[in-house]
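What follows is chain A paired twice: with chain B in the first complex and chain C in the second.
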Partner chain A sequence: MIARIARKEFTEMVRDGRFRGGALIVLVLLLSALLMGWKHYSDVSAQHTAAQRATREQWLKQEPKNPHSAAHYGVYAFKPKLPLSFVDQGVDDYVGVAVWLEAHKQNDFRYRPAQDATAVQRFSELTAATVLQLLLPLLIILLGFSTFAGEREQGTLKQLVSLGVAKRDLALGKALGVLAALAVLLVPATVIGLGALALASGPESLAMSTPRLGLLALSYLGYYTLFIAVALAVSAWAKSSRFALVALLGFWILQSLVAPRVATDLTRWLYPTPSALEFAKSVSDDIAKGMDGHSSQDERTQALERSVLKQYGAKKLEDLPINFAGVALQASEEYGYRVYDKHFGALWDRFERQNTLHQVGAIFAPLLAIRSLSMGLSGTDFAQHRHFATAAESYRRVMIKAMNDDVTLHKDADHKATSEVYRSLPDFEYAPLPLPSVLAAQVWSLVCFGVWLIGSTLAALYAATRMEV
Partner chain B sequence: MLRSILKYEWRNLVADKAIWVVTGLFALLIGYGLLNGFAWVRFQNATLATARSEEVTRFNKLKASLTAIEQGQEKFTGDAFADPRQARTVGNNKGTRYAAMPPGALAPLAVGQSDLYPYYFKVSTLNKQTFLYNNELENPTNLLVGRFDFAFVIVYLYPLLILALSYNLISAERDEGTLAMLLAQPVALRQIVLGKILLRGGIVLALAVVCSLLGAVLSGANLLEGDTALRLGLWCAVVLFYGAFWFALAAAVNALGKSSATNAVGLVGLWLVFVVVIPAALNVTVTSLSPVPSRVELIQAIREASSAATAQGNQLLARYYEDHPELLPKNTKVDTSSFALRSTAVRETVDKAIAPVMARYDRQLLGQQNLVERYRFLSPAIVAQEALSDLAGTGLDRYRHFLGEVDKFHRGWQGFFVPLIFRQQSITAADIDRLPIFRFQEEPVGAVAGRVAGGLLGLVLPVVFLVWIALPRFKHYPVTA
Partner chain C sequence: MLEAVELTKHYANATLALDRLSLRIEPGEIFCLLGPNGAGKTTTISLFLGFVAPSSGSARIKDLDVQSHPLATKRFVAYIPEQVMLYRNLTGLENLEYFSALAGQDSYSKAALLGFFDEVGLPQEAATRRVGTYSKGMRQKVGIAIAIAKKAEALLLDEPTSGLDPKASNEFSALLKRLGASGVAVLMATHDLFRAKEAGTRVGIMSAGKLLTTARTEDLSYEQLERLYLESMAGGAMQGVKR
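Here is the complex of A and B:
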């Protein structure tokens, strides 16, 4: 019986001009978004790979120079793009594309692509994620608002129920029908997406991306299921189909337009972000005056001098078998690491708390959950940016240590590092955040998502079985 | 006649509770948007105040230590990087000044792009890239989503309020069967439509305008000062005509003679097209027609140029003095081992080498912006958004103007220090008072008004067009379904 209802529902929808028109527009937008996303991904990816190679070349080809000067010259780390970013750009346009790894300083990422774009970019971007998160639910509303309310107005609902069709079966059949109509759209898009993914990534990253793509598809399926359930519930509960439409559109507007921005502002009220000026001041204060506030840089160096002299049983720095300058440089770097870890750690924790709040907001607006999940699985959320930034910073520390060690080993003040020393620094390799950690950052999205899924299904069943005929 | 239409419509509206709930909600959302705008402007002002006081403290310290050294009370023992008498040290860190763009008078009304662009720079003698990309800290997720400000309510939600009030302007009368009775009276359908729109428009547009004025006044904008009144006037005009566009659209859709439900779906579809689809499509078109080359290339270009220049080292310095004999030190010999000299010569060379690369970025960005300027007329939502942030001074144009001012100041700053560095002259306490100061010159209001006037035209013309196609159709309106 359920299958029969679903088939009837499906046939009716596919024959409906409004659905055909709407679906065609959405399909065209989705496919062009996928195409643009794929092109963008391959362009940026090629650039970053080339640049990463070039920055390594530049490092290796440095003329012999003071190792500390080489550390000042440093290298750049370019943020690699994960293949699935062609589905969801996430925050990629709002974080810098590269970070300069140099002596003494943990730099912030530079060059946010959004700053090189016009203001229309912030209206809405044509990415597959936008279409999937905003436009498809609208199509579902269009398909679902009159399911029960419309039949009731036409009087066919009474006939159906009098035939002995269980209301629950009716609801399930109708839900399946809508889902089948959506599948007409989503199946080709997924196939094309898969093809693009296979083209975009080598075998290794394909192995990494496939489970993520699978979960991504599952998440969107869940999102549409909950939207269908909401639409059916409202349609069963509403007095008229007009009212159902207005209520559903209102819900769509609140969840897609209003809720995300309200969440942004709430996060700023609850967890204020410090200004860049304050941040820089607290970093430089901690370095200059010490993290405890009363061990200045000079005092720290003097203490180090005493302990190194004692260690080697020497009276003067000149008597040491090593170059004290290198030891001092490394010690001051290591003090810097502690300071940077404290401040960047606190800042990034704060951003993550803000993002958790965005996720918890999903209890009011499921879009917030699916957006967070989608960015996470596409590898474009803040947690994964942080992971890359942390990896780049660890590499900086390896580089600095290698150079300082070379200073320490040579007592000659005019010592110059050779290309061997440059080569001793391994190339920067980055392994993306593993899937379990990606999901761990999405706990609240998943919880809210589950609540919505169960809640909306129950609501749909409840409303359908109790509805007035 | 019009008066009695207005009177009865008013009675109808008053009886409808839903309208008052929706309108009240709208006013609440505006209030919330304004609060957010205030908070952001307060944050910016507080940051700028901190920057100013930091600068004052630093300058006092610098002057005190210079005076102490000059009067022989103190002997300087540190290296050149810490020496307050070194021109390079002063121009690069100890004596750097902030160049700030304070939020404009109407900034609380529209956050615009101001959360994305820096609003102050610490200008030094180094090349511009070193300070130009020092952004304000912000969670990228928040940047992606954007803020909930007054302009957002106007651009996105205000049209929906208007459509909710007018999607069934005439179709409801017909659906309920009252239209035939109404038209049995000596009244033209057009007059009824006009009356209905005048009343609804009066309520909604007045609310939006009053909120704009209130928001501006409450945020402390002084209307008598400078161009604030003109900007606020233009703001209200944009709000009015943007609203008029949506009323005209609703009337035109009503004129097609379809049922209320069809009108509602059609109008929501049009809203989606204007507010979501066209901007997204325009963005894609603009970025593919006039792509901005990746900044990754810029990074590489700068590094290549600086490695090449550094490798030349001393030759570069010698050549620099050949090119600028007037900068040769008068009484001392050139200290070729000086890091200050060499690094400045390298920096000058790198600046020259990358100038064409930088110019290419600016050209492409300008090209993109020009495309947006031209094609924004495809969607009144883009026109309104651009005009509102332009008037609030939080759009791209004011930022570009600020960058221009900073560029001038930066060149002046280098012009002050570079000769001192090459002549190997020391900085004195008296010099500190002579350092250039940045004073932000507001963009001439004529330029802003010109751009906004173009935008207003882009709102008025669609209204005229819609009225022109709708009017004849009301003559043949199917009075019964």
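Here is the complex of A and C:
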């Protein structure tokens, strides 16, 4: 029975010129967005590979020089783009993709296209995620607003109910019919996406991406299901199809345009973040005056000198078997680590709290949940950015320690590091955040998503079984 | 087959749409409810279909109360409104197939479905045409075809012939008579005295929610029926004044 209703709804929609027109536009937009995303991904990842190789090359080919100078010379770390980023760019444009790893400093990420963009640009960017998150729900509204209200106006609803069809079956059948019509759009898009994914990534990253793509597809399916349920509920409850359309468009505007804006302003107000200038100043204050505020850098060096002399039972630095300069450099680095860990830790925790608030906001607007999930599964959310930044920083610390150790081992003030020392530093290799951790960062999105899915389904069934005919 | 027991309906705005209607329609009977607009004819049919709940009393189909058996009672009846509405993006055949499948008859072959078209006098070429182009008479016939396909034991019709040209109207009555002869119980609300005399076996005259009088059509000539109707209306109006 339900299948029969779904088939009829589907046939009717497919024969309707309005659906065909709307679907064609959305399909063209979706495919071109996927294509552009894919092109962007393959360009960027080729550049990424080349740049990563070049920075390693430059490091290895340094002329012999003071190891500390080599540490100042440093290397770049480039955040690899995961293949699925062609679906959803996420926060990449805002947080940057490359960081310079050098002595003394934990740098900010660079290459943030959003820095040079105006606020208006946010709306004009056509990504697959925009089409999937904003336009498809609009299409669902157009398909679904009249499902019950329209049949009631036409008079066919009375006839259907007089046949002895359970209203619950009607609702389920209609929902499936709309899903089937959407499948006409989404199945080809998914197949093309899958093909692009296979083309864009090697076998290893394909193995990593496939479960993520599966979950991504499932998430969007859930998003559309809940939108269909909302459309059916409103259509069953509304007095007229015109009213249903207006109510649904209102919901769309609130959740797609108003809610993200409100969530952003609210998080900024609740969890303000320091400006770049303030942040840099508090870091340099802590390093200069000490984290307790009254142990200056000089005092810390003098204390270190005394303890090293005592450790080796020496009277003067010249009598030490090692080069004190290296020890002092490493100690000051390590003090820096504590300062950076404190400040970056606090900043990033704050960003994460902002993200959590966004996710929790999804209880009012499901878009916020799907947006967060989509970024997470595409590998472009903040949690994965932080994971990369942490890995890059650990690598920086390994590099600096290797150079400082080389200073410590050589008492000769004119000592120069050789290419052997440069080579002893392994190349930077980054393993992306594993899927369970990606999902763990999305727990509130998943909870809100579940609440919406169950709530909207119940609402649709409730409204349908109780509607007037 | 169809039975109303003290059936009463007050709407929310306090109008008494139906006042203690008691009525029994046996298989093979064609009962025509006559009366002006607002007499309670449509309310009666809506109550038998469970579209609205009675304020008191009950509507029964095959001894089952409509309110407590909303799906089971609908299995036995077919409903034909003033204007049978069809899905305009589907062909006549697809509409018939869909409605009969939803009525629980989902195993008809295409030939069988075309047979129903034939039975109600619809041309075969119309079957494969989208119904956007159908005339009202054709739609009403599709309504009958659905009822036949559904194997309905009772028919509830709400002014099914209003606006039909005399020929289409006549064909429609002929179909009804055939169904009646095959043992279907029919309850038809209509304004059309002539049609009631022509097709009906019994008539009931209603006014202001009350069933004033019933009669067998074979006992009356058309003129007598008309006089009975007009007298009832005058009496009903008097009653209204007294109240």
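Couple of notes before you dig in:
To be clear about the criterion, the second predicted complex is superposed on the first by the 462 of 469 C-alpha atoms of A that agree within 3 Å, B and C clash if a C-alpha of one lies under 4 Å from a C-alpha of the other, contacts with A are read in each partner's own complex, and residues count from 1 in each chain.
Here is the rule we go by: a residue touches a chain if its C-beta (ideal position, glycine included) is under 8 Å from a C-beta of that chain, and two chains touch if they have at least 3 such contacts.
As the structure is a prediction and not an experimental result, all values here were calculated from the model.
In the superposition on chain A, A:355 makes contact with chain B only, while chain C stays out of contact range.
In the superposition on chain A, contact is made by A:1 with chain C only, not with chain B. Of the two partner chains, neither chain B nor chain C is touched by A:413. In the superposition on chain A, contact of A:431 is made with neither chain B nor chain C.
For chain A, the partner with contacts to more residues, out of chain B and chain C, is B.
Across the superposed pair, chain B and chain C touch chain A at no common residue.
Across the complex, chain C is touched by residues 1, 4-5, 8, 11-12, 15-16, 154-156, 158-166, 469 of chain A. By the touch criterion stated above, chain B contacts chain A in their complex at residues 29, 32, 36, 39, 43, 46-47, 50-51, 54, 112-113, 116-117, 133-148, 152, 156-157, 160, 164, 260-261, 264-265, 268, 272, 275-277, 279-284, 286-288, 292, 294-300, 303-304, 307, 311, 361, 365, 368-369, 372, 376, 381-382, 385-386, 389, 395-396. Note for the complex: chain A touches chain B at residues 18, 29, 32, 36, 43-44, 47-48, 51, 54-55, 58, 62-63, 73, 76, 78, 90-91, 93-98, 108, 110-126, 130, 134-135, 138, 142, 241-242, 245-246, 249, 253, 257-258, 260-265, 267-269, 273-279, 281, 347, 350-351, 354-355, 358, 381-382, 385.
The touching residues of chain C, when paired with chain A in their complex, are 49, 51, 71-75, 77-79, 81, 83-87, 89-90, 94, 98-99, 101-104, 106, 150, 156.
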